[in-house]
Amino acid sequence: SRTHSRAAAARLDLSGIYPPIATPFTAGEEVDHRKLEENLHKYAQMPFKGLVVQGSNGEYPYLTEEEQVEVVRAVRRALPPGKLLMAGSGCESTRATVQLTEKMAAAGADAVLVLTPCFYKGRMDGCALVQHYTKVADCSPVPVVLYNVPANTGLDLPLEAVVHLSQHPNIVGCKDSGGDITRIGLIVHKTQTQDFQVLAGSAGFLMAAYCVGAVGGVCALANVLGRELCELQRLCWLGRWEEARVLQQRLIEPNAAVTRKLGVPALKQAMEWFGFHGGACRSPLQPLTAAETEQLRREFASNGWL
Amino acid sequence: SRTHSRAAAARLDLSGIYPPIATPFTAGEEVDHRKLEENLHKYAQMPFKGLVVQGSNGEYPYLTEEEQVEVVRAVRRALPPGKLLMAGSGCESTRATVQLTEKMAAAGADAVLVLTPCFYKGRMDGCALVQHYTKVADCSPVPVVLYNVPANTGLDLPLEAVVHLSQHPNIVGCKDSGGDITRIGLIVHKTQTQDFQVLAGSAGFLMAAYCVGAVGGVCALANVLGRELCELQRLCWLGRWEEARVLQQRLIEPNAAVTRKLGVPALKQAMEWFGFHGGACRSPLQPLTAAETEQLRREFASNGWL
Amino acid sequence: SRTHSRAAAARLDLSGIYPPIATPFTAGEEVDHRKLEENLHKYAQMPFKGLVVQGSNGEYPYLTEEEQVEVVRAVRRALPPGKLLMAGSGCESTRATVQLTEKMAAAGADAVLVLTPCFYKGRMDGCALVQHYTKVADCSPVPVVLYNVPANTGLDLPLEAVVHLSQHPNIVGCKDSGGDITRIGLIVHKTQTQDFQVLAGSAGFLMAAYCVGAVGGVCALANVLGRELCELQRLCWLGRWEEARVLQQRLIEPNAAVTRKLGVPALKQAMEWFGFHGGACRSPLQPLTAAETEQLRREFASNGWL
Amino acid sequence: SRTHSRAAAARLDLSGIYPPIATPFTAGEEVDHRKLEENLHKYAQMPFKGLVVQGSNGEYPYLTEEEQVEVVRAVRRALPPGKLLMAGSGCESTRATVQLTEKMAAAGADAVLVLTPCFYKGRMDGCALVQHYTKVADCSPVPVVLYNVPANTGLDLPLEAVVHLSQHPNIVGCKDSGGDITRIGLIVHKTQTQDFQVLAGSAGFLMAAYCVGAVGGVCALANVLGRELCELQRLCWLGRWEEARVLQQRLIEPNAAVTRKLGVPALKQAMEWFGFHGGACRSPLQPLTAAETEQLRREFASNGWL
C-alpha cells in the first residue's frame, strides 16, 4: 500500500482553487447537514479543483472527532467525480495525527492537509517537525499536504524542513498562509526537482503567488466569491496579468475582512449575503457586532461586490 | 447544585505550592501508571497544597480525553486527604470545555484549571472570553480557576476580563504564567473585594508574586525541587525576605531551563536526576540533545543543586 | 584619569528614586528654560536621589545635541549639592556615544545612562553590545549606567552581556525598563560579586524590584507623584511590605497611563494637574485627544490621586 | 516654490532600480571618499534609474549630519545626467526632518526618502504620521518619498495614512521594505487615481511587486548584482515572466543574506567579491565571523553567482 500510495502521490495534481468550507450550525450549535449539503450543491457547479474540509475556516477545533469525520463523509457523497477532497487531519501529537489521517482517508479524503503542531512552540523546531511529518506521511494511505498558518499557530514551519520533507514520496505539496511571497518563491525554487506543489493560503496574495510559481490556492474567500477566484486563476494561467491585477486588487479588502480582520464570523456573514448558508459560529466565537457587520459590508461594497 | 458549588467555592483556599505533574510514558509512549504512582507517592510526602493534573507540563494536548480523565482518577486515589486536586479542562470550544469539566469533577477534581481558548486568536477578545468562562463556571460542579499562559497560547487574557470574571461566585482565582509582575499586582489590586486568589505560574517570579499579593504558585520546577519551593513559600509567608531572596535567586536558572528554554523534555530529564520518574515525551516532542542535556545540568549545578 | 574614574565609580551609590525629567517647550516648540527651572526648584525639595536628564521622557531624540547639553548644564546649576545628575548619552554609533558622553561629563553629569543602540537590531548581538559599552566605558570620564528599554528599542540587552559588562570598573549599574522581574532578579544574582546596581525603569514594578534586589528606580511617574514614590522606597527599605503593597497597587494604573498606554503627552498633562510644567510635546508627538485626557484622569482618580 | 515643487513632483518618474549605496570607511572609520567615488564610477555604467543615498544600507544613523550631506554632494558630482539622486532625510522630530530635507535638496538631491519616526512607537499612530509627513512635504523643495521599514523601526506606516498622504502634491511615492505583497497590492489599488509610485524595498519580492503594480525597487542587493536586478526589471516590464521567475528565484537567498540574515556587514563583504569597495562598518556593527562569511559565500555560490 505504500507503493500504491506513492504512485497515487505522483499522480495527484493539486493545481486549482479550493474553498476551505465553513461548517453551518443550527441555532443549538449542532452541525446543520441540510445547510451544508445545499452549500455543497452550489459549490459543485463552480470550477473549483476541489474542497478543503476541516481547515481553520471549518471551525474544526470546535468539532469532535466524530463530527469532523462525519462532515468529510458528507462532502465525499456530495462531491462530483473528478473533484478533490482534501481533509484536515493535524493534531498536536503524532499518534493522534496518524490515527485521524487514517480515519479521514477511510471517510473518503483524497489527500490530507496537516497543520503544524504548535502547543509546545519552543520545542517545535525543524527536527521535531520533520520527524512528525515523516511519520504521518509514512503511515498515511493518501498523499499529505503540509499546512503552515502562523497567524493561528504562532509558528512558521522552517523553510529547510519544507525542503527536506518535499523529498518524501507521500508529501505532495504545502499550503502556506503566512503571506510571505519571498518565502513562497523560495519554496518553489528549492523544491523544483521534487514536483512539489505550493498552494497560496489566502486570496490576498493569490496572483503574486501564481507569479512566483504556486499552482493554486486554498482561499477562505472562495466560500463567498468562488467564481471570481477561479477567474483570477484563469487569467494568471493565460498570462493575462493586466486583467488579473485589476481583479486581484478588488479582492484584497474583502479577503482581509473575512480572514485577518474579522475572521470566521465575517466569512459566514458574507456567505449569507452571497447566497450560501453561513450562520452562527460555535462558542466562544461570537457573532459580529453591528459596527463590524457594517465594516464588512463596506469592504465588499467599496470594491464593487455589493 | 449551583448553591452547593458557590458555598464550596467560597470555602476553597488555594494558597500554596502545586506541581503541575508530568506524565510518565513507557517506551511505547503509553501512559506509565506504575511510574506515575511512584511519583505520586513521593509527592505525597511533601508540603504541597495539592497537585495540578493536565497542565501544560503533563503533555495534556498529547493525551486522549480518556487518558486525561484516567490520570485524574489515578491521582485522586493516590492523593492524601486534605490535598487539592486541580485538573486542566480547557478545550477550544465552550461546549467541549463544559463537558470535560464535568468529567474531571466526576473523576475527583476539587477544582478545574481552564486554559484560554486560543486558536482563533484574532477573535478571542475580552467579550468572547468572558462569555466562555461564564458559561463554563455556570455549569461547573467545582470551582473554576482561570489559566493564562501566553507563551503557549499567543494570547493574554485581558485584565478587564479577569476583573469581570472575578465576580462570578464559581470562579475562585487565576494562574498567570506570563511573568508580568505589574499585571499580577494589578489583578490583586482590582479584585481585592472579591476574595479572588492569584497563583504564580512559574517559579522564576514566585517571590515577587508573593510580594505583590499572590497566594501561591503552580510551578513546573516543583516536580523537581518541590521541598525547596515550599520552603521559599514559607520564608515569604514569614516575611523573611532576605533569606527568601537568596533561595529565589538560585531557582531562576534551573526554572528557566525546565520551562522557557528547554521545555517539558528538560523537566522530565531533571526529574530523573532528582529521584522521580520523568522519561521520554510523546512525539513530536523530542528528547534533549546531548548539548542540551549538558546545558540543563549546568543550570542546576552552577546554582548548587547538582 | 582612568584610575580616578574607577575610584569614582567605586564610590558612586545610585540607590534611590530619580525622575527622568520631562522637557517643557514653549508654544513655538523651543525649550522653555524658565519652566524647566521652576520644575527643578520643586524637585529640589523632594527626597530624590537625583535626576535623570535626557532619558526617553525628556524627548531627547527630538532635541539637538546642543539643546541636550544645554539642558544638562541648566539642571547642574539648579541641583542641590549631594544630588546625582545622570545624563543620557547613548547614540547609534560608538564614536558618537563616546563624544556625547564626554560632553555630558563636561556639562556636569555625575554619570551617564547609555541606551542600547538599536537601528540594526539584527546585528546588535551580545558581542556587538559588549564591544560598544566597553569602548564607551573605557573612554568615559564618569561612571556608566546601562540602559535597556525594549519597548522603545525593540531590543533586549542580553543578560550574559550585562553580566560580562558588570565587571568593567567604570560600569556601575543598569536601568532596566522591560519589566521582566525574573530577569531583574537574575541580574542581581549573577552580578552580586561586582557591586553592580540595578535600577527599575518603571514605577509599575518598583516594589517587586526592591524585593528581588534592585536599589532604586528611574520612574516617569516621579515627575508627577515624586513624594509618593520616595515613600514607597522608604517602606520597602524598612521592610514594611504590607504598607508598601497598598501604596504600590495604587500607582500601577497611573504609571501605565503616563508610560505604556499614553506616553509622554500623558506624562506632561498629568504634570500640569499636579503643579508642574508639562506643556506640549515636540512634533510628531501629538497632544492627547479629549478621550485620552479623560482616560488619563480616570486612571489617577480611580486610585485616589485626583 | 510650492507651485514649482508641485510641477516637479508631477514630472518626477521614479520607475526603475536604485541601489541604496553603502558608505565605505577607512581603517580609522572615516568616510573613504576615494573608494566611494570608485564605486560611483562603476554604478554610473549600469542601467540604474538612480541612487539612494543615506538609506539604511549607508549606515546613515552612524554618520554625523555633516557627513551625511557631504556624501550627497559627492554623489551629485559623480552622477551622470538623467539619473536621480534620492537622499534619506528622516529624523525623529519633524523640525529636524524639515531642516535636513532642505540641506539635502541644497546638496543636490532630486527627491528625499523620509523614514517613519519610530522612537515613541506607541504614539506614532496614523494621525501623528500624517501630520509629520504633511509638514515635511509642505516644506520640502523637492518631492518626498515615504519610507517604511518595519524590520528596523518596529513600526508599520498604516495603510490609511499612506493613502491619505498620496494626495499631497509633493509626495510622489513610497518605498516599502516590509515584504507584505498584499499590502503593496492594496497601496497600488487605493492610490491609483493619485499617480502614486510604489518602490519595492528589497530584491526578494521584486518580481512579485512588479506583478501587483510597483514601478521599481530600492534594493540593497543592487550594490552587488546591479546589472542582474536591472535585467529582472526589464523582463518584468516586457512581460517575460517565465524568464523573470528563473532569475528572481536565484536572487532570493543572496538577497536575504545581505539584508535580513547578515545585514550591512554582509552586503559590504559581498561587494568586495564582486569588484566594489565595501570594507568595514562603523562600530558597533561588527565584521562577519568566519562562519558567517562562509554562510554568505554559500548563499551566493549555491545560486550560481560565485
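Some observations on this one:
The chains carry the letters A, B, C and D, assigned in the order they are written, with residues numbered from 1 in each.
By our rule, contacts are C-beta pairs under 8 Å (C-beta built on N, C-alpha and C of every residue); 3 or more make two chains touch, one makes a residue touch a chain.
Computed from a prediction, not measured in an experiment: that's the story for all the values here.
Taking shared numbers over all numbers used, the chain C to chain D interface scores over half, which places it in the same class. Rounded to whole angstrom units, the spacing between the C-alpha centres of chain A and chain D is 36.
Inter-chain centre distance (chain A to chain C, centres taken as mean C-alpha positions): 50 Å.
Within chain B, not a single residue touches two or more of the remaining chains. Contacts between chains close into a ring here, every chain touching precisely two others.
Taken in their complex, chain C has these residues touching chain D: 29, 56, 61-62, 64, 92-96, 117, 119-124, 127-129, 131-132, 135, 151-152, 154, 260-265, 282-286.
Residues of chain A touching chain D in their complex: 179-182, 185-186, 188-189, 202, 204-205, 207-208, 211-213, 239, 241, 245, 248-250, 252-253, 256.
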